[in-house]
Amino acid sequence: MSSIAWTPFWLSFKLAFVTTAVLFVLALPLAWWLAQTRTRLKPFLEALVSLPIVLPPSVLGFYLLWAFAPDSPLGAFLKERLGLELVFSFPGLVVASVIYSFPFMLQPLQSGFESLNRHMLEAAYVAGKTGWQTLLFVALPNIKPALLSALIVTFAHTVGEFGVVLMVGGSIPGETKVASVAIYEYVEIMDYKNAHIYSAIMVGISFAVLTAVYLFNRHHRRRLGGA
Amino acid sequence: MSSIAWTPFWLSFKLAFVTTAVLFVLALPLAWWLAQTRTRLKPFLEALVSLPIVLPPSVLGFYLLWAFAPDSPLGAFLKERLGLELVFSFPGLVVASVIYSFPFMLQPLQSGFESLNRHMLEAAYVAGKTGWQTLLFVALPNIKPALLSALIVTFAHTVGEFGVVLMVGGSIPGETKVASVAIYEYVEIMDYKNAHIYSAIMVGISFAVLTAVYLFNRHHRRRLGGA
Amino acid sequence: AANVSYAVKDLIQTYRQKDPKSDIRVIVGSSGKLAAQIRHGAPYDLFLSADMGYPLALYHDKLGLEKPKTYAKGVLALLSVRHKKLSNNLHTLLSFAIKKIAVANPKTAPYGKAAREALQNAKIYERVKPKLIYGESVSQTLVYTLRVADAGLVAKSALFSPKLRRFREGKEWVEVDSRLYSPIEQGAVLLKPEGKDFYDFLFSPAAQHIFKAYGYRQP
Amino acid sequence: MELSVNLTLSAGSFTALTGPSGSGKSTLLRILAGLESADGEIKVSQKRWLANNKSLPPQQRDVGLLFQDYALFEHMSVRQNLLFVQKDPALADALLESTGLSELANRRPAYLSGGQKQRVALCRALMRRPKLLLLDEPLSALDPAMRLTLQHEILKLHREFGTTTLMVSHDPAEIYRMAQRVIRLENGKITADGTPGDVLLKRSGSQKFSFEGEVLEIQKRDAVYVAVVAIGQQIVEVVTDTRTAKNLQIGQQVTVATKAFAPVIVTE
Amino acid sequence: MELSVNLTLSAGSFTALTGPSGSGKSTLLRILAGLESADGEIKVSQKRWLANNKSLPPQQRDVGLLFQDYALFEHMSVRQNLLFVQKDPALADALLESTGLSELANRRPAYLSGGQKQRVALCRALMRRPKLLLLDEPLSALDPAMRLTLQHEILKLHREFGTTTLMVSHDPAEIYRMAQRVIRLENGKITADGTPGDVLLKRSGSQKFSFEGEVLEIQKRDAVYVAVVAIGQQIVEVVTDTRTAKNLQIGQQVTVATKAFAPVIVTE
């Protein structure tokens, strides 16, 4: 057995962390808006934002690859205007993961916002707070269970995902070869011993991270004397 | 182009439907219990139930195959005692999907239950209702946004998943070859035209199903004069 | 192609002795996925496929620098870890004791196509068809063969991987009669000039010796 | 704060619970309903509801509880809220009728006014014809007329169901009217326990007819001064002489009395 | 039901809003705060808050609103609830002090009693020193003593801040004590509008000192009968002759009056 390469794990958790952070920033305003809007288009929009997960990950990855490729209009635009190359690069993984995991972040936040006590939000408006202030300082802290669930599912799912990531990222060591891809490859070449070791490490770290988050949350809730 | 085979779609939606139903029944009591328990083990349990999604699907599938194989203790037990064979069969797909999608059903339900008004539940207890009655007739109808999100994410995710399904099911036409596997194969053999067609159908049907659910929900909410 | 990944390890070691400064990275994956990536600008120098189809398609799309060449010929093997009375005769597969037979997916994997052809030419395809279960790749087919199927038609090269070396020819596995299927020509196509050295090395006697040791036939 | 209460309620009695905000009234009710854990013992007609840390679950206690914050079932209509407690449409309709909610029977709680919600909560607490009825400020959000009507209604049902009732209220007249017994809770301890007469009635020496009141206003009318005094929820005018008027201040607590003759009751 | 109101409040005035449950009081307050859409016009010191379906958002209206159901920020401590509205620790502490909440400043709303929550909501509504203060039954969950204290407190701050106040209340004495003007809303329409004296005071003909009351109890003591009568929140005993006593029934509405002589005020 060769010694364990830690880079894939580092990459996995970096990817999961960045994806979760980016998704949070993107999904938050949309979830807030969807929870409050009265537009007739709402059911269609809601269905639309759930779609990224009905395609098999590698097929979605295939379409993303196609869209991001330097010879596609989008890819060309990104490359020329922003200097961004999204295929076979870490930023590309982030973008792909963000697209794929979007519903996992959006849905819990939206349903959390939808079940908030409306008078509490109104109290913030009456106190002169803008929509943004109300969102950040009143709505968000009051949907903590939903927020936690959104963050954790997104994080865990990004750690585990490999279909999209493998397609768009191409398993480049140190750049896009995340742990899930590494494990997949060990299974593919039937190096089961390493597959077991890497899987165990992956599950172990994830368990530790998740437990830490839940413990912190519990502790924090206690300290504040919350419900 | 050959004419379109509809069986994979039928299988996909059957699988998604059965998985969602089974998961709902399994996750509901656990979510309810987790939302209310005061055990110190809670953070560990919560982390534990999130784990099925941190392993790459095909790797999870690999381990499930291992566990379900007829010569493994579990597989032997299932076969001899219950006459169940879980590899290369539709029931096996269901079991695999259930394990993999568990957190997607559990998390929203749990966070929904956690943010319920406790006095409302107490009112049901005082009215003589058992925990089950309270769960079904008071708690559940009052977390409708979370419930909807749980059902939809689970359903959509099962439609799209193929890593676990491919490993455990083995792509047997009419039995375990679901649409996501079919699309994956078209991409593999570079039959992009069919891949596009099947993807479009998949996305189309899913969009229709999801929109219908959201529209029904909206309509239903209106009719009841709900919030 | 995933099936060459075992041999590739040895190939690189040998190549390194020749050129110690070289830094070769291997990316394993199904041919279809890799081909799609190459089409969209994957930074790969060299593509080793399990058949000629993918390399040729890439070459026709002006992605290859030269016409693809066959670096090795794959061999189909019949493996059974439970049912140990095998003969070169595929008719063993008709035995009642064999309930499930793992093969690679004929649509996506060259070894699957070869397996089907062999069964057809042995005139037993229609009879064993209900027993067939399809793996999506070499390794998945092997996993099926090892765990849940009673027999499997797999890539011989995989049986030389560390994990499977313990299985012996004639005992757990036999070669399938090569006349029953058309040759599995595994093609390589050069994508970038940087891969030229290693590409040439593939066809050197040293490399061919390694391929042979992994059960491949000379092109 | 520690809640420490030793209390026996006789079966079928109507007891009022009063006391300052935060003194533990709601908590006491919640303990009786089995919603809050406590040390000690609760015994109801020979049956132990609480003893040695063993607590009978709320489901088996046969209580009706009106929560101070109503806690209505949000997804059910008003009528469904009642029927969920007990499938007794006749009783539900009768209760809705007598609380003036018949027209709102199909509305959901989110679309009700505060007082309407409170009335629904009252009806719901009564649906089970409970052995023990616990009402936490059941009428506080209602106008005086509705309040009076419902006081009668509650008393009627209390008798009809033969229930033992414990009601939190801040209104002395309401307590006098309804309860046979008042308990005042302060800082978790009982500081007064007796008939409403004993606990609430102010007997000011020999004066037969006198009230505590507060001066709201002093007006000069022609030659005399008129003091407007608030006595409970009533406002009265009292003619007063200049010297007294000069000494009065707005907001001052005063006693209004008739000295020489007894007051009379005039029925309409 | 249609809410149709035409109303001018003068700057700095204190107006009470009363009327039966469900008559539209809370809705009117919510419209004024900009939380409910409405047709028509609202003009506040030359500024249009509502006109031609254009509505100034609540944020820009400078109002303080005490919600009937409190609507506290659940994740913040009592003190944070106040400071979130306005970073003014001095005012927050003063308000908490005068409402008796200082000790609870670091608790979260879920751990407060009903009356404590109501007081927090009151403090929060005052934090912005608003131009328009809207109080929806601000004292309904409080005991009489606390109620009285806070009535004074509210009045004091009303003057100090120079705010225009509109308060929903069901308590006539409270209204008289606090408001210069009362508006009675019934079924969405104004049915009475005037000074508390005009709207609430009962002047019964020539009788100088008379109350509406309800007979609670008739006791025989020695040779006389004593009627216990509830007058508002006060309970009094009236000695009565046998003939009158025989005709009285429990629950009967009666007028209690002194015929011959005027009542006098006795200050302690």
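The first chain written gets the first letter, and so on, giving A, B, C, D and E; residue counts start at 1 in each chain.
Note that contacts are C-beta pairs under 8 Å (C-beta built on N, C-alpha and C of every residue); 3 or more make two chains touch, one makes a residue touch a chain.
The structure presented is a predicted model; accordingly, all values stated were derived computationally and were not measured.
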Discussion item. Which chains sit in contact with both members of the pair chain A and chain B?
Written reply: C
Worksheet entry | Required minimum of steps from chain C to chain D, each step between chains that touch | 2
Discussion item. Using only Cα atoms to place each chain's centre, name the chain farthest from chain D.
Written reply: C
Fill in: Whole-Å separation of chain centres (CA-atom averages), chain D against chain E
18
Worksheet item: How far is the middle of chain B from the middle of chain E, if each middle is the mean of its Cα atoms, in Å?
Response: 54
Practice prompt. Just give me the whole-number Å value for how far the CA centre of chain B lies from that of chain C.
Written response: 36
Worksheet entry | Junction residues of chain B, two or more chains touched | 62, 184, 187, 227
Worksheet, complete the sentence: Each of the following residues of chain D touches two or more other chains, namely 69
Worksheet, complete the sentence: Within chain C, the set of residues that touch 2 or more other chains is 33, 36, 143
Discussion item. If we use the touch criterion from the header, which chain pairs count as touching?
Written reply: A-B, A-C, A-E, B-C, B-D, D-E
Fill in: List of chain A residues in touch with chain E within their complex
117, 119-120, 122-130, 137-138, 141-142, 144, 224-227
Response to the item:
Per the touch rule above, chain A residues touching chain B in the complex are 42-44, 46-48, 50-51, 53-60, 62-63, 103-104, 107-108, 110-112, 114-115, 118, 143, 145-146, 148-149, 152-153, 156-157, 159-163, 180-181, 183-184, 187, 195, 199, 202-203, 206-207, 210-211, 213-215, 217-218, 227
Worksheet entry | Residue ranges of chain E touching chain D (in the complex, touch as defined) | 18-22, 25-27, 68-69, 112-116, 118-119, 136-137, 140-148, 152, 170-173, 176-177, 196-197, 200-203, 208-212, 214, 216-217, 227-240, 244, 247-248, 251-268
Item to complete: Provide the residue numbers of chain C that touch chain A in the complex, in ascending order.
Response: 2, 5-6, 25, 27-29, 33, 36-37, 39-44, 137, 139, 142-143, 158, 161-164
Discussion item. Under the definition above, what is the set of chain C residues touching chain B in their complex?
Written reply: 30-33, 35-36, 54, 57, 100, 105, 107-108, 133-136, 140, 143-144, 147-148
